[in-house]
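After this come two complexes, each holding subunit A, first together with subunit B and then together with subunit C.
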Partner chain A sequence: MANALQFLTFSDVWRSMGPEIIVIGGAFLIMLVELFLPASLKRVSPWLAVLALVASATVLVIRLGAAVTTYSTPAYIVDDFGSIFKLIILIATLLVILLAIADRSAESLPYEYSYLVLFATGGAMVISSGVDLVTLYVGLELLSIASYILVALYRKSARSAEGGLKYLIIGSIASACILYGLSFLYGVGGSTNLGQIGVNLQSGWTNYSGILYLSLGFVLVGIGVKVSVVPFHLWTPDVYEGAPTPVTAYLAVVSKAAVLAFFLRVFVWIYGQKFGQWGDIIAWLSVITMIVGNIGALPQRNVKRILAYSSVGQVGYLLLPFAAVGSSTLLNDMWQALSSIAFYLFAYMFMTIGAFAVLAKVAEARASEDIDAFAGLYRRSPFLAGMMALFLLSLAGLPLTAGFFGKFMIFLVAFNAGQYWLGVILFATSAIAFYYYFGILRAMFTREPAGDQERVRSSPTLVVVVALCALGTLALGIAPSPLMDVLNGLHWFG
Partner chain B sequence: MIGLTWLVPVLPLAAYIILLASGRRMGEAVAAGISVTAVFVSFLLSIGIVGDVAAHGPAAPTVYPWLQFGSGSAGTITVGYQVTSLNALMLLVVSLVSMLVFLFSRSYMRGDDRFSRFYQYLNLFVFSMLGLVVSPNLLQFYIFWELVGVCSYLLVGFWYFKPEAAAAAKKAFIVTRIGDVGLFIGIILLYLSRGTFDFNTLFGAASAPSGMMIHAAAPLAYAGAKFFSLWYIPFAGWHAGAFVTLVALLVFIGAIGKSAQFPLHVWLPDAMEGPTPVSALIHAATMVAAGVYLVARMFPLFEASATASETVAVIGGFTAILAASIGLTQRDIKRVIAYSTVSQLGYMMLAMGVGAYVSGMFHLVTHAFFKALLFLAAGSVIHALDTQDLFEMGGLRKYLPVTHATFLAGALALSGIPPFAGFWSKDDILTAAFTSGHYVLYAMGLIAAFFTAAYIFRVYFLTFSGVYKGDRHPHEGGPAMTIPLIALGVLATIGGFINTPFAPILGNFLQDQGPIGFNPPANWALMAVSALVGLGGIWLAYTLYRTEEGRAERFAQRAGGLYTLSFNKFYVDELYSLIIVLPVMKIAGIFQFLDRWIIDGIVRLAGEIGYTGGVGVKYSSTGQVQTYGLVTVFGLAVMVLIVIGIGGVI
Partner chain C sequence: MALQPFLALGAILFGIGLYGALTKRNLIIVLISVEMMLNAANINLVAFSHFAVTPNVDGQVYALFNIAIAAAEVAVGLAILLSFFRIRNSSDVRDVNLMKW
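== the complex of A and B ==
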């Protein structure tokens, strides 16, 4: 190790971690600058974060498609898999920060969020590219700890503090499970490097299968908690409800995408060879997650909780392609599954952040997140109502929206793999989802606004966020090919 | 210009979006102005495109991949546009008639509460129709095909507060949907056997010997379509020819619905409940012609199957005579013209069926001119009198001179009197039927022509001659109404000269890539017969309605049962009511019972379970973080047991 480090120059590090360096460096810079800024100028700090994200994304995009870069005993890898997840993470973070800037009710939000979000994002990016158990775990903790603080950022709100504490406790259980599972892996594999473990396990699997499965179980449960797979999802509605809305959007999109990257990387690289034996667990988890997540949303009246349950259901959809390719020995099927997951993540990002953005504005105007706050929104703000309708229809998977093609791709994977029942459940639960989305649509378009009829005025930044999300939702819904072409052309793991 | 083809449908779409976004705040003049301008530019572009095609020939289709779900061209669905001489001609006709109708509507719809909404729908319709015309593949074609159906529904039911209009809109939509199902199955079968939706590739091998381009019994011709192969019904043992016939007939069912051919013609007369400009645009010149256009577009398919072409010809001929005979007795001015449309569409199908591709398209063009004219003139009359009953009109020649003159031109064209436009095209079709040896169909067409002249001049005499029977002061509707009438009047008069036997300009244009179908040779004797039959029909109308009071009634009494049959439209609607709607309703009643008490019960039970489950999920979320931790650990224990079980340790 020491030997390897001697040969590392800064340009090597920059080549493999450029985008991460910009994000983390930006976070430190904002942290410092924020200390010295007078109160009236503090609002520039989120814009600095925007700048850092844009710079990082630019560097990332320039790199996209370049040859795989690692450095000697690789702890870090720049492959298309990592890059595409990082791209999703960066775009989503950017949208979330813009939303935080636009959200007036977030004015009470201390400006510390701008660098906390960057730290979390840095962690998320490290997870996407890490190929060493320690690196991965450090990234995961960086993301988690920053997220705990973000949830509790409303110091004066009891719900926010409560949510933060819950997230911390449950998140710690998850981290413990993951760490415990990884320790078995290290014990059997004799290395912390994923590739090395994979090689060692090829011969060692039969001797240690009990311990390996134990490690798989622990890691799976830990990840299940973090991405809220049923039955480890119970914290989700509480935490989502308590957190400031932009943070909720962050948890729902960035956090999930990063942990999903962790899951895919570790499970494909290490446990992949015995997929046929444990693949059904993922399928079953995916199925109960789809069912419980969508059914759980039915009796809710708080829109944020509805979206929280809906995001649980969406995780079920995201796990489905991975579960479906199961027994396939064709590498192509795995690539197709990864493309469909990435495509769905793009779609999910646009529609979820868009929906949370509209929710933030509506909740602010009515000081309530209840579904009644949406009553007659069409009269009060046709723009927000129309956009919300688009996001909800996309979440429900109607044609000409991103959600439709996302589900369609997932369905194709399930179909190609011959796992028709998974496809059927996908459709059945989407139909259930339509019911509760429709409740919001009905409130917006057919009910009379309660109380004051005043128009909801959206700030320009909010309009930009919502319009960007709508554009993404529509563009992927009408012309999915460009993104599909990019995804199909990727060399996922180099 | 061909490079700008995409702009032709996009302009009305842009106008639609503008009106959608801010139509409610716009004045009538602005809304109409935007719409007319958009279509006018489309029209100018169409002229350019026709010129381009005439000068340089058709262009290769411009397509963009839209959806990729498998390997190779079979797994790629494209969108784009294509210009051949046929498309270019349709673009020109559709944009021209649309433009004139848009202008006419400015006056006709003046003061309507939803004026801008009307233009909004019209724009959407024109976009859909133009999009249909330029579609390079069947799937895109089908999407626009359905879209024009939706627009027709919206426009027929525009005055939705009238129960008849709402019912007519529903009927139009449902009846045409029956045809659409056939078309859709046909498209799917074509795709399964050919692996493409593109018109070009679809018929790429059409010139193969004996038209056996479709290998019905062969497995899928493309690789990597695992997912489609599951649904492939190979029709093992089918003769390729039988398969072609099946597909062609299925496609034709779509055309029957859209072009209101027997037995699905019943929706068109009812659709007259819509505003008259809608009838002129959609139910005379454009949408109903889409069925004929479909047959023309798929002409190689029909050529490959003699059975299918014969069916097209027979259905067309029968529809022509049936609808014409119904038109003789109707009292509503618009319904007469509607039955006339059904009948004329029958002629076009007859032409396509006997292989006279150019004649059919020629009649489509001239018919678009004179039928849009007749509808608009009828609209002008209705606008002036506020009634559609022929027997409350009369003597309008004095009050509405422009309407009178143009209606007369349209009526002469429809009757097939030389040198008006309809004469050349209708005679072409009759000649084609005769020369190709379809003597019965020729006779039917000839009798239908006689009826045609009789019913349209019955309308003419009842409306314009004699004395006015009402108590209003009819007057013309202003230049926005008269200009379209005059323009169409000129076209109905001289439009036939685009394809006379001396100078077949249209024929040469359409067949720039070599001959298509069968071109009937000029036959002077048949021409003379056609003209005489037309004059005979006019004479009949004149003697019945102009010579002696009450002569028509006596004639009707003497005709007895025949008259009643015609007046009641041969009871087709009642028949459908009896043999289809009633049994369906009966069955539906049984199903409703099952549905309400058994299926619904199950569904409601499932809903209850779901809801209760949801409440359960809700209460499992107690808010107690200890519980969450406990559940997580419990889940962990279960998971560990499962994985250890898989690992085979216990």
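== the complex of A and C ==
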């Protein structure tokens, strides 16, 4: 009985959870440091967070493409699927923190955001790698609870508190739905491990199909709320408008990417074998999300709400590849769909955070997020106006930008799977999107500035964030092949 | 005892919680309703852990995790509610109306 006792050494844990340890450990450290720093030095705490994120991303990139590692009879798996989502999450968090550092308006974020964002990011990373119902749910709640606080972080602002309250109530109802659905999954599968449940269900589907569809319904509703798929999207514009702008960018990118990872992991591993019977639901959800999200943006006057509705529409595009190929029995189609989702997430990250960065600066200068605040921006700051134009055109899908190539890849996936109608709706809704983005472009380039003509001065940090996002948007649009090669070479689930 | 009564209890609790969360006007009652929904899931998990084809302790461990998370969630919820109350002097759902459509 030499092997009866197995000790868990730190190096075992480090091998599988290194990036997460850096992020969450860093969050605790910053929390302590921030407490004892004098008020004049508190501004270094976000830079410590930047340091933790860079270190974590470095560890992650070094390990990309290594063999699959599992941890704790596998509650935790380090495969390429999780790694690529973690990479997106880390880069997006880095850009968001830089944006928050750049935002030095009168009502700036309290420095608590630096570790709250790291906790949320830790949760998002755990979701990407968790293969156990407990791990997945704990990660999801860590992300959600930290996000509730982040939204309500402007303690003096009524809109921020209201947005936080709405997000908290809707989000916790969604969490409860997901948990209730997962409890049935545990009951039928007899284990909390996704792989084990998948094996047990191969015989279980015939006996327990009713209860399994019930659990699928609850989990789908909960996830639908969290990523704002259309019938459950009504909270999105309100919360995005109330939240501080960097937090809005965080919710729009990191939160969505992480919950999408949860969705793909659970639905591919557990419910995947009966895809033919529920795949149409995803296709229809994707279609109404694209249509309603893009049409809902048309009557809006507040740029933050326009971007919120546009981000709802983008979720439709992100669901589309999965809906299109799920019924295919070819594994290759599935990998192609996953790489198109990951590529679009990269593109979506750069253009969305870029647009929110410009919006944050313009709204700060005019103390308004209305479309009128953008009037004559070209005169007041040619740089910001040009960059905003690039991000909006990319979101709409103009050729030579990342948004176009991402949509084109999604279209190809739908086309190869023979789901032509999905591809047609993708391009039809993009045409609608052009209309409301042109409203902002027109205000920036053709109208006279409303009010003073003073130039908008952007801080160096803001210029760096905007330039990085613009670089990403253009690079993925003009030369997408390096990222495509990386994505095509991945072994998604090991 | 059989499994079904426990599942029925869980379903009833979940239904009451969802109804309360969607219709009640006092925000504290809404938070309590959400707690009921989470506890419905816990009842399910513990029941399944005892009556499953292969009984195991995983479900009970899962329920313990959920209790801790629910406590964190409600603490944050009350804190945000407090900050809302300080600004608007109200804990009524109908006053959460600054932003619409």
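To be clear about the criterion, the second predicted complex is superposed on the first by the 484 of 494 C-alpha atoms of A that agree within 3 Å, B and C clash if a C-alpha of one lies under 4 Å from a C-alpha of the other, contacts with A are read in each partner's own complex, and residues count from 1 in each chain.
What we mean here is this: a contact is a pair of C-beta atoms (placed from the backbone, for glycine too) under 8 Å apart; a residue touches a chain by one contact, two chains touch by 3 or more.
Every value quoted in this text rests on a predicted model; they were computed, and no experiment measured them.
In the superposition on chain A, contact of A:K156 is made with subunit C only, not with subunit B. When the two complexes are overlaid on their common chain A, residue A:L319 makes contact with neither subunit B nor subunit C. Within the superposed three-chain model, A:L412 lies in touch with subunit B and out of touch with subunit C [touch as defined at top]. In the superposition on chain A, A:P237 makes contact with both subunit B and subunit C.
Of the two partner chains placed by superposition, subunit B and subunit C are both touched by A:I169. Of the two partner chains placed by superposition, A:L390 touches none, neither subunit B nor subunit C. Of the two partner chains placed around the shared chain by superposition, subunit C is the only one that A:S191 touches, whereas subunit B remains out of contact.
Residues 165-166, 169, 173, 177, 237-238 of subunit A contact both subunit B in one complex and subunit C in the other. Touching subunit B in their complex are the following residues of subunit A: 165-166, 169-170, 173-174, 177, 209-210, 212-214, 216-218, 220-221, 224-225, 231-232, 234-235, 237-238, 277-278, 281, 292, 295-300, 309, 412, 415-416, 432, 479-481, 484-485, 488. Within the complex, the subunit C residues that touch subunit A are 10, 14, 17-18, 21-22, 27, 30-31, 34, 37-38, 40-42, 44-45, 47-49, 52-54, 56, 58-59, 61-62, 65-66, 69, 72-73, 76-77, 79-81, 83-84, 87-88, 96, 98-101. On subunit B, the positions that touch subunit A within their shared complex are 64-69, 226-227, 610-611, 613-615, 617-618, 620-621, 623, 625, 627-629, 631-633, 635-636, 639-640, 642-644, 646-649.
On the side of subunit A, the complex with subunit C involves touching residues 133-134, 137-138, 141, 144-145, 148-149, 152, 155-159, 161-166, 168-169, 172-173, 175-177, 179-180, 182-184, 186-187, 190-192, 237-238, 241-242.
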